[in-house]
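Here the chain labels run A, B and C in written order, and each chain numbers its own residues starting at 1.
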Amino acid sequence: MFAEQLINGITLGSIYAIVALGYTIVFGVLDIINMAHGEIFMFGAFVGMLIATKAHAPLWAAFLGAIAVTAVMGYLLERIALRPLRGRSGGSALAPLISTIGVSILLENTAHKLFGAGNQLFETSFAEIKFEVGPVTVYLVQAAILAIAILLMAGLWLWLYKTRAGKGLRATAENLETAGLLGVDTTKIITATVVVASSMGGVAGVLVGMAFNYINNQMGLSMGLKGLAIIIFGGMGSVAGAVAGGILLGLSETFVVAYGSSGYRDAIAFIAIIVVLLIKPQGLFGQALPETRR
Amino acid sequence: MPFDWLNPYHLQVASFLLINVLLGVSIYITLATGQLSLGNAGFMSIGAYASAILTTLHGIPMPVGILLGSLLAGASGVLVGIPALRLRGVYLAIATLGFGEVVRVVFVNWESLTGGAVGIAAIPQMGREILAALGKSGFSPGTLGLRNNQFISLSVFLILLAATLLSILFFLRLSSSRVGRAYNAIRMDETAAEAAGIDTTYYKVLAFSQGALLSGFAGALFAHTTSYISPADFTYHRAVEILVFAVFGGGEHLLGPVFGAMFLTVVPEALRFVSDYRYIIYGILLVLMMTFRPQGVIDPPLVGRLTRRGTAEGPWRSDSTR
Amino acid sequence: MIAFALVFMGAAIQGKIGVISILTGQGSGYGEAITNGFKLARDEINAKGAVHIELVIEDSSGKQEQALAAGQKLINSAQVVAILGPTLSTEMKVMGPEANASGVPIMGTSTTAAGITQIGKYVFRNSLPESQAIPASVKKAVKKYNIKKVALFYGNDDVFTKSGFDTMKKVAEDLKLSIVTIETFQKGQSDYKAQLTKIKGLSPDAVFCSALYEEGAVILSQARKMGIKVPFVGGNGFNSPKVIEIAKEAAEGLLVATPWFADRNDPKVKAFVARYEKAYGKKPDQFAAQAYDALYIMAEALQKAGKADREKLRDALAGIRNFDGVLGKFSFDADRDVVMEPNVLIIKDGKFQMFQ
């Protein structure tokens, strides 16, 4: 049982990690939490479902579709809800946060109108394929999810550290003004960041559909909260932190259920971050909090 | 009957509106020291459950229950406020949101104390209790020209109105006192306030506990208005709702969250006929507000204009750069 | 012609009945079926002529405060003579006392938790409570499958599923079954692998599951995929055809106890099913059927009362005995609670069938 629970935990954790990555890169560059990220993830799942299950198209088409739609959503989010707020001097720093909360409410209820309430089936053709490795059953889907997650993280890391655009992003994250002075097109970078983060959310959505076979329009909220917990735990703006935190959360949730009481499963994420914040507020991999960071 | 126009339905909505006002003010108080706490749904539930359990299981009289519930919530506020000193900004917000969630999950699982998801029913309801008590001394609402249910709704509304007005007055007075000025100073620049000799630790924790106490008070009143509570009444949905009252209504003046709570309680009720799209409109409203007027609707200059006092002289002044 | 119609209308008892239903949000699947049942019954009753019913429908979105506001609106603004609904037991716990204090009869058609009608003498229900349904299905299952060890799995954050679990646990203990584990899940969850893996490892003879169909169908599906082959006994939430729709083959073998059986060999049932299908394009489920019967019960009580008076209606309702509806024979007991015989059904070949 342990091995199977371990696989459950890692599968879940990989998905959490991808969602957390989306939060973390946006935070790194914009210093804001995109509260609509969870809902974009949910939309990705539904688009994937419509393509893979309703239209019976192959899985790669579902990924493409989800990425396309969520990328557009990310672009619109940045353009309409975030950019206009950036130039302002007065008003609270919370304005972008509230704005994204507004978007998340909008998306959650639009999804309800479009897709209806309740669980919808996300069927993939190879969902049934499994391997026996000794006494342990591994589903091809679980292996695929882990593979895709690793590819995604590797790709993101490459982009951030090996490409010019990525360097520009890191520069912008470091200091918006200076990066601009150094010739980085910060507007483009910011837009690109939100778009990339949102598409990652879209990918995660399709992965969730593959893993659990059912999606519903309430998924965005709980995934959103957990993603937040993860980046706090791992350090906001830290890529390694998002990955480590995600996997760790997936494992802890699974093992608390397996060996403890399933009632407290949802509380784990929050208990963990409260503990972390009290002991090491910048999170596992974060830098020490500068006083100006609010 | 002369008071036929007195509609318990409207009184009901007004009563929930007043509770929302209290909640809006509760988040505002901590915000006034620059601390954003999203845990007020948790403090609200502590007040609600405490009062519900004391009055249903231990026969404690309602006013005492409400008092004790509020005090317990306030004490929790201290417990949360102290570790919160280490955190800033969005970190603090998420941590307090987490606190609220943990409280909810504990209440769901601690079945022997709270009944778990089944909740606590048959909580003494303020209006019905008053009616029963007065009935014993031979009084009947008919003598006032009221039907029973009108009387019940009216008493609840009047009690909540009194509680809300008193709370607002208290905090308005507080704002122009030494405490209020300290809050404002800390919010503007904590380091400078510290350097100026203000005990920031004391005031920040005080603000936290005041906010928690008010939330707990609102929670206890809520329990004695609906007569049934369950953990589902205190989810992060509510925490976000409370936040929106304050930010939409105005984050820089006490009357901001008051207005925010009033407006955002009435609008979904008035939009019942397009109830399907209620929350979608709500979401769009938020984005538009933040784009065009991020300080919220009510800001100190507006209050100044409305009260013809010229420039900003509201409680908790805004940026000195204005 | 018009004069005749006027006389005809004048002779009919006019009843304005309020409905609180979940039209939007989670649980709207139940709300939709219930409202459809009411509407169909209303059209039939009005066509008969003795009673004319006007339904005023309000949405609660499954939230207690909204249910309360909706109820107040119906009682005071719309001045209804009675209320049908709300959909959820949590909503009823808030709205029931209010209706009771206002002297308005209120009848739940889908509220099955414990303690509902005990709220007050104006509170009724015709929805078979879990406390009667579950023992029926469990006893039959234990006998047929020789069950000795069970796993209990329930949603611990919803009053309905928790209530169902309390009954399941009690029945399991009364029958001296060995409970290998009690697992919980929360609303909105789509991943049950951890809990199911644990259950699988303990090899129970059966799983008793208390869930709403949204979670229940997914639990079934994931359980079967994982290789859990033992029988599942479900609570009231599983009584919806949506379970079959969502879980598909995984739903085979599920046992439930329900007052409603769509394929019963009864002309009244067949006629109702046909008319419902014609009007709404799908077969009626338990919630539609209970709603349908509920409005008929109201109409009968209205006739007995002689006029649309809240007091008289309440007394007439309390006296309903041996009402013959599509769910079979129905009476209110001394507490205005349900007296009815449940059927135990099993999902076989993609539909609910009698469990022998």
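FYI, a residue touches a chain if its C-beta (ideal position, glycine included) is under 8 Å from a C-beta of that chain, and two chains touch if they have at least 3 such contacts.
Just so you know, these numbers come straight off a predicted model, no measurement behind them.
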{"item": "Touching chain B and also chain C, the following chains", "value": "A"}
{"item": "Reference chain A; chain at largest CA-centroid distance", "value": "C"}
{"item": "Contact-richer chain pair (by C-beta pairs counted) among A-B and A-C", "value": "A-B"}
{"item": "Chain B-chain C separation of Cα centroids, rounded to whole Å", "value": "36"}
{"item": "Centre-to-centre distance between chain B and chain A (centres being mean Cα positions), rounded to whole Å", "value": "32"}
{"item": "Chain A and chain C, separation of their C-alpha mean positions in angstrom", "value": "38"}
{"item": "Per-residue multi-chain contacts in chain C, two or more chains", "value": "24, 156"}
{"item": "Residues of chain A whose C-beta touches two or more other chains", "value": "221, 261, 263, 266"}
{"item": "Residue numbers of chain B (touch at least two other chains)", "value": "108-109, 276"}
{"item": "Residue ranges of chain A touching chain C (in the complex, touch as defined)", "value": "1, 4-5, 8-9, 12, 112, 116-121, 127-128, 137, 208, 211-216, 218-219, 221-222, 253-255, 257-258, 261-263, 265-266"}
{"item": "Residues of chain C touching chain B in the complex", "value": "23-24, 58-59, 61, 64-65, 68-69, 72-73, 75-77, 90, 93-94, 97-98, 101-103, 113, 115, 119, 155-159, 161-163"}
{"item": "In the complex with chain A, residue positions of chain C that touch it", "value": "24-29, 156, 183-191, 193-195, 197-198, 200-201, 213-215, 217-218, 221-222, 225, 227, 242, 246, 248"}
{"item": "Residue numbers on chain A that touch chain B, as the complex places them", "value": "32-33, 80-81, 84-85, 88-99, 101-110, 113, 221, 225, 228-229, 232, 236, 261, 263-264, 266-267, 269-271, 273-274, 277-278, 281, 289, 291, 293-294"}
{"item": "Of all residues in chain B, those that touch chain A in their complex", "value": "36, 83, 86-91, 94-95, 97-99, 101-102, 105-106, 108-109, 191, 236, 240, 243-244, 247-248, 251-252, 276-277, 279-280, 282-287, 289-291, 293-295, 318-319, 321-322"}
